[in-house]
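Look for chain A in each of the two complexes below; its partner is chain B in the first and chain C in the second.
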Partner chain A sequence: MSAPTVSPSASAQTSPAPARKPGSAPLRWLRRNAVVLAGAASLVYLLLPNAVVMLFSFNKPAGRFNYEWRTFSTDAWTDPCGVADMCGSLALSLQIGLLATVFATAFGTFAAFALARYRFRGKGTGNALIFLPMAMPEVVMGASLGTLFLNTRVAFGFVTILIAHIMFCLSFVVVAVKARVMSMDPRLEEAARDLYAGPVQTFLRVTLPLAAPGIAAGAMLSFALSFDDFIITQFNAGPSTVTFPVFVWGAAQRGVPVQVNVIGTAMFLIAVAIVLGGRIASGRRRRQA
Partner chain B sequence: MSAPAVPASAGAPPPSGPEPHGSGSSGPSDGAVAGAAARPRRRLTPYWLLLPAGLWLAVFFVAPFFYQASTSVQSGSLEEGFRVTWDFTNYTDALATYAPHFLRSFLYAASATVLCLLIGYPLAYMIAFRAGRWRGLLLVMVIAPFFTSFLIRTLAWKTILSDAGPVVGVLKSVHILDVTSQLGLTGDERLLATPLAVVCGLTYNFLPFMILPLYSSLERIDLSLHEAARDLYAKPATVFRKVTFPLSLPGVVAGTLLTFIPASGDYINAQLLGSPNTQMVGNAIQKQFLNVLDYPAAAAMSFILMAIILIVVSVYMRKAGTEELV
Partner chain C sequence: MTITLTGISKVFGDFTAVHPLDLTIPEGSFFALLGASGCGKTTTLRMIAGLEEPTGGSIRLGDEDITGLPPHKRPVNTVFQNYALFPHLDVSENVAFGLRRRGITSVRKQVEEMLELVELGQLAKRKPRQLSGGQQQRVALARALINRPQVLLLDEPLGALDLKLRRQMQLELKRIQTEVGITFVHVTHDQEEAMTMADTVAVMNAGRVEQLGAPDELYERPRSTFVANFLGTSNLIEAEITETEGEYLLLKAVGTDTALRLPAERCAVEDPQAGGKVLVGVRPEKITLAHAEDADTGSGKGSADNRLSGRIRDAGYLGVSMQYVVDTPVCPEFSVYEQNVERDARLAPGAEVVMRWRPAHTFALDAAQDADAGTLEDSL
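After this line comes the complex of A and B, so read on.
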């Protein structure tokens, strides 16, 4: 686990104790590092379920539920799609996640530029409209959107899920991109214009590359949100459109196959690899620069 | 500012078009013509940029609330159809039938929020001030749980808290379960299907939403303020109470809101880790909407939930006194 690797290094960097306290050395050490120990405990609490999911992906449960450890087995890893409908639901979730990300990122980026770069009548309303979906419990949003579709007799299915996902991803993209755009130095674009770059050239060669990290963060966030959403999806999915979280929810009632843990573990490892790879790459680039 | 649609970041009105800076001699008439042509277009630019997102949210976020408002005062049945009768019994019925659900929602969400603050603050503090070069890695580890579907992670708590599991074993052997079962928080032999399990799940699920805003406000604190406080003979506890904590208040407010609001509407933890006696409002809304198909009741309940959240949040924000937050 992380705890033992963290505390010694962190304690080594602490500034020398400002005042000598009475008490033995171990007690003093404990007092000085209480925050680190508490933080490490929180981290364990945060990561324990992931460890359990990973461990139980190698389980061979006795019944239909995978809650108790029996014997080690790699059956689920060698046959991840052995459960009926699971990989289909995974494909549906990926499809919806990608589409929702594309739309939400595009619309959200436009809106972020409008809110970060311009002064206009109705800006406050625009900001409030963007902020509100993030301050609303999912069950309220899901039920009200479902009510809209019921009243307008729109059939629940792929399209209604996609509409819902774009809706709740938008705000997060706007927040991510807006923060980035606001922190950009406007003088860089002025410099580009001074050097005779046209508006299109300035945008493509200066503005867009500068805003890219924010846009990428917004896109990743909206894919993660869409892929993992259950509550709003449940209120706006038809009986035949089963996304991966909806599948897991149903499985929790009927019996959870080990393959669910395999997917959970694989997703976790892939995402961590991407994030760490990105960090290492950007660190190397910074060192070269 | 004269033109309302100039970029807010640029102090002076920017040159419109290719005209270079400070070239007053190059025919002012050209610039004026170009400016006049560009100005109406520029004034509309932010609206065009905002249009797709704004329209999407207006149609699929704002409009649904009007449909829901009208649905909440309808009566009838699924077979005969629902009609608007301005029947407010949906609201009174919901409150009468589901008062315990509302109460539990807010108790559980409030407990989870307090626990998130207690568990999350040390971790955020450690990452901000004591992690050194491990900071980036630790932040990744805070976000890492998100990468596994949260339903799967919540199911993992069933294993961790199971009756034969280590947690129940330890708590039983030190007789903590005896105490908590007397308080009605757990059973005397088990954790699953008890209020404590639901609160534990809620705390776990929303902990990163507490840690990240806490971290971002702690990280911004100027460390020389700590030094100054120590130079003035403040004890570590005093430094925290008088300097660190007050400066982290924006993060505390943001984190508690980001935890409390979704937790009060959650029904997944109550369903997977709780029992029929630990059901929250979310469970009731979900059941009415998806199983009973009593849409007016579901609509009325989600309106009540929204109203209570708005009241709680606005009172809280006033008490916390951070207007600059949003």
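After this line comes the complex of A and C, so read on.
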């Protein structure tokens, strides 16, 4: 009769604490969350500059330089165009960015289809040359293009900037669209043709929708590159065509106005909104499907 | 509608995919183009669809010459290998694609009916990537059939499915073909698939049709070693014709005095003459195997049978049957299938046996061809 009474007490003593690895609780927590922490740290690293820009857009600097935090103010936000010439340069940059995107995306898409789909003499060379503008240092490209315009007596201004921007955006569009087109199954277009779609219908109903993600990626890349470009623009701009990056560079010599931070923050927020919007839309599509 | 191919050929650079080919595919038939990969069967199908331009020859659909028509103007639809479903459209829009391109706007009822036919009604709003292989296959079929084509082309439609599903879909396809009654042209490398489904099979090899006929005709009376080996298995014996005896040919296996007999009409050689060389063939399941000790008992009723003695080298248990490999003086690896009904325990490797089969189950082929054409060894 003794055995049954003894065993419960024995098990009660041993069961509550299974052997644990040595180390304190915080260390264990660290081990378990190391990947998350590393990820969070890299995100902070990436986004900290944006946070600083955002924060200083609410600053009220003492002098001309917006480098030291003084007091909170929404002055710059309520009067974003308060700085002479800044909004004009912004409008110019947006114009050039949009036009360069449209042209580069259109030409680049055609080129990508040609390079991905057809066989022709010089295809290999074409493929290699397309990469050249991406690999070439911008200074070299900007300077040589400037020399070309100078020697052909083309007046520097809006058109020369636009031509330069289309040129360097083109490669990125070609690369983005080509990657997409190469991964598309040519049998899908054959299936469309088999199902009574003529050449135009096949392109509009099957080819284009399938290539769209690549084209969109190329277009977004183009706009970002064009809007942001300083070096090449500097070599090819006329005296009266001051784009936003050129304006900021000029202003930085004399003291950066807070409004630059406002524009920077606004651009960042718009980009975030576009990305989030795309995410939500694709998520909804997936749920509906 | 009847498809008539006249002298159709296709050359890619210096490779001739299809040699000039004449083929008539009768209306309402289930027609299979059977062959190993690279034999030109898919190219032939693509030329009918209009996706490949023939190098020469013409294609007629009924009385109309469609050789020059682009694919979207041909009343022909294709079920592609790996299906080629549009990934950006859901199942019902995939199925509706052909109708919409022809300007039909009220497609809903037809799409519903078609999805009902292939038993996919509840998946209409899914995207292709959310479907299993078998379901995608049905969508591809529905997408083609909804257009009521004059001819449906199927390019290895079951190739991506596992064996069990493939068997099921074979019957399903046959059912649908009977139900809609349109001409099906089916390309496959699977001889079993072709024989199960098709009314007529054209066996293709190296860009040519080797033989055309009903499945049993091809199987029972192959006219070339390629067909004899590609459709099932054949045992081939080199033999010499000794004499003709009425409707029968008498032969002797080369290098031995084993006598063989077969009806002259089962010889694929034109005008067989005494002294001519042929390959005598027999299917493994037509052979009865007896232990050498019993060979002479019951010989009364089978005295006219072809007989061949040998020694069992290998015996394999296949469930429904036993597969034996028998070494004989005339042919090293004679294949024999025996039903698993009353197994003679003495029929084990090493046993001396006598094989026997009826002359009516024997065929003869021209000896001037490669006896291994169409076998696995040949393709390696």
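Please note the rule applied: the second predicted complex is superposed on the first by the 250 of 289 C-alpha atoms of A that agree within 3 Å, B and C clash if a C-alpha of one lies under 4 Å from a C-alpha of the other, contacts with A are read in each partner's own complex, and residues count from 1 in each chain.
Basically, a residue touches a chain if its C-beta (ideal position, glycine included) is under 8 Å from a C-beta of that chain, and two chains touch if they have at least 3 such contacts.
Everything numeric here is computed off the predicted structure, so don't read it as measured data.
Peer 1: Where does A:R193 make contact in the superposed view: on chain B (first), on chain C (second), on both, or on neither?
Peer 2: Both chain B and chain C are touched by A:R193.
Peer 1: Going by the touch definition up top, name the partner, chain B or chain C, that contacts more of chain A.
Peer 2: On the superposition, B touches more of the residues of chain A.
Peer 1: Quick one: is A:R279 in contact with chain B, with chain C, with both, or with neither? Answer first, second, both or neither.
Peer 2: first
Peer 1: When the two structures are overlaid on chain A, which partner does A:Q201 contact: first (chain B), second (chain C), both, or neither?
Peer 2: A:Q201 contacts chain C only, not chain B.
Peer 1: Once chain A of both complexes is superposed, is A:T101 in touch with chain B (first), chain C (second), both, or neither?
Peer 2: A:T101: touches no partner chain.
Peer 1: Which partner does A:L210 reach: the first (chain B), the second (chain C), both, or neither?
Peer 2: A:L210 sits against chain C, while chain B stays out of touch.
Peer 1: Just to be sure I read the superposition right, which of the two partners does A:Y45 touch: chain B = first, chain C = second, or both, or neither?
Peer 2: First partner only, chain B.
Peer 1: What part of chain A is shared between its chain B contacts and its chain C contacts?
Peer 2: Residues 190, 193-194, 196, 198 of chain A touch both chain B and chain C.
Peer 1: In the complex of these two chains, what residues of chain C are touching chain A?
Peer 2: Its residues touching chain A are 49-51, 70-72, 76-78, 80-82, 84-88, 90, 97-98, 101-102, 125-127, 130, 143-144, 147.
Peer 1: Tell me, which parts of chain A touch chain B in their complex?
Peer 2: Result: residues 2, 6, 9-10, 13-14, 18-19, 35-36, 38-43, 45-50, 52-53, 56, 67-68, 106-108, 110-111, 113-123, 126, 129-133, 135-141, 143-148, 150-151, 163-164, 166-167, 170-171, 174, 182, 184, 186, 190, 193-194, 196, 198-199, 224, 227-228, 230-231, 234-235, 244-245, 248-249, 252, 256, 260-261, 263-265, 267-268, 270-272, 275-276, 279 of chain A touch chain B.
Peer 1: What residues of chain A sit close enough to touch chain C in their complex?
Peer 2: Against chain C, chain A makes touches at 185, 187-188, 190-198, 201-202, 205-206, 209-210, 288-289.
Peer 1: Could you please specify the touching residues of chain B with respect to chain A in the complex?
Peer 2: The contact residues of chain B facing chain A are 1, 4-10, 14-15, 17-18, 20-21, 43, 45-47, 49-54, 56-58, 60-65, 67-68, 71, 119-120, 122-123, 125-127, 129-134, 136, 138, 140-160, 162, 164, 204, 207-208, 211, 230, 235-236, 257, 261-262, 264-268, 272, 281-282, 285-286, 289-290, 295, 298-299, 302, 305-306, 309, 313, 326.
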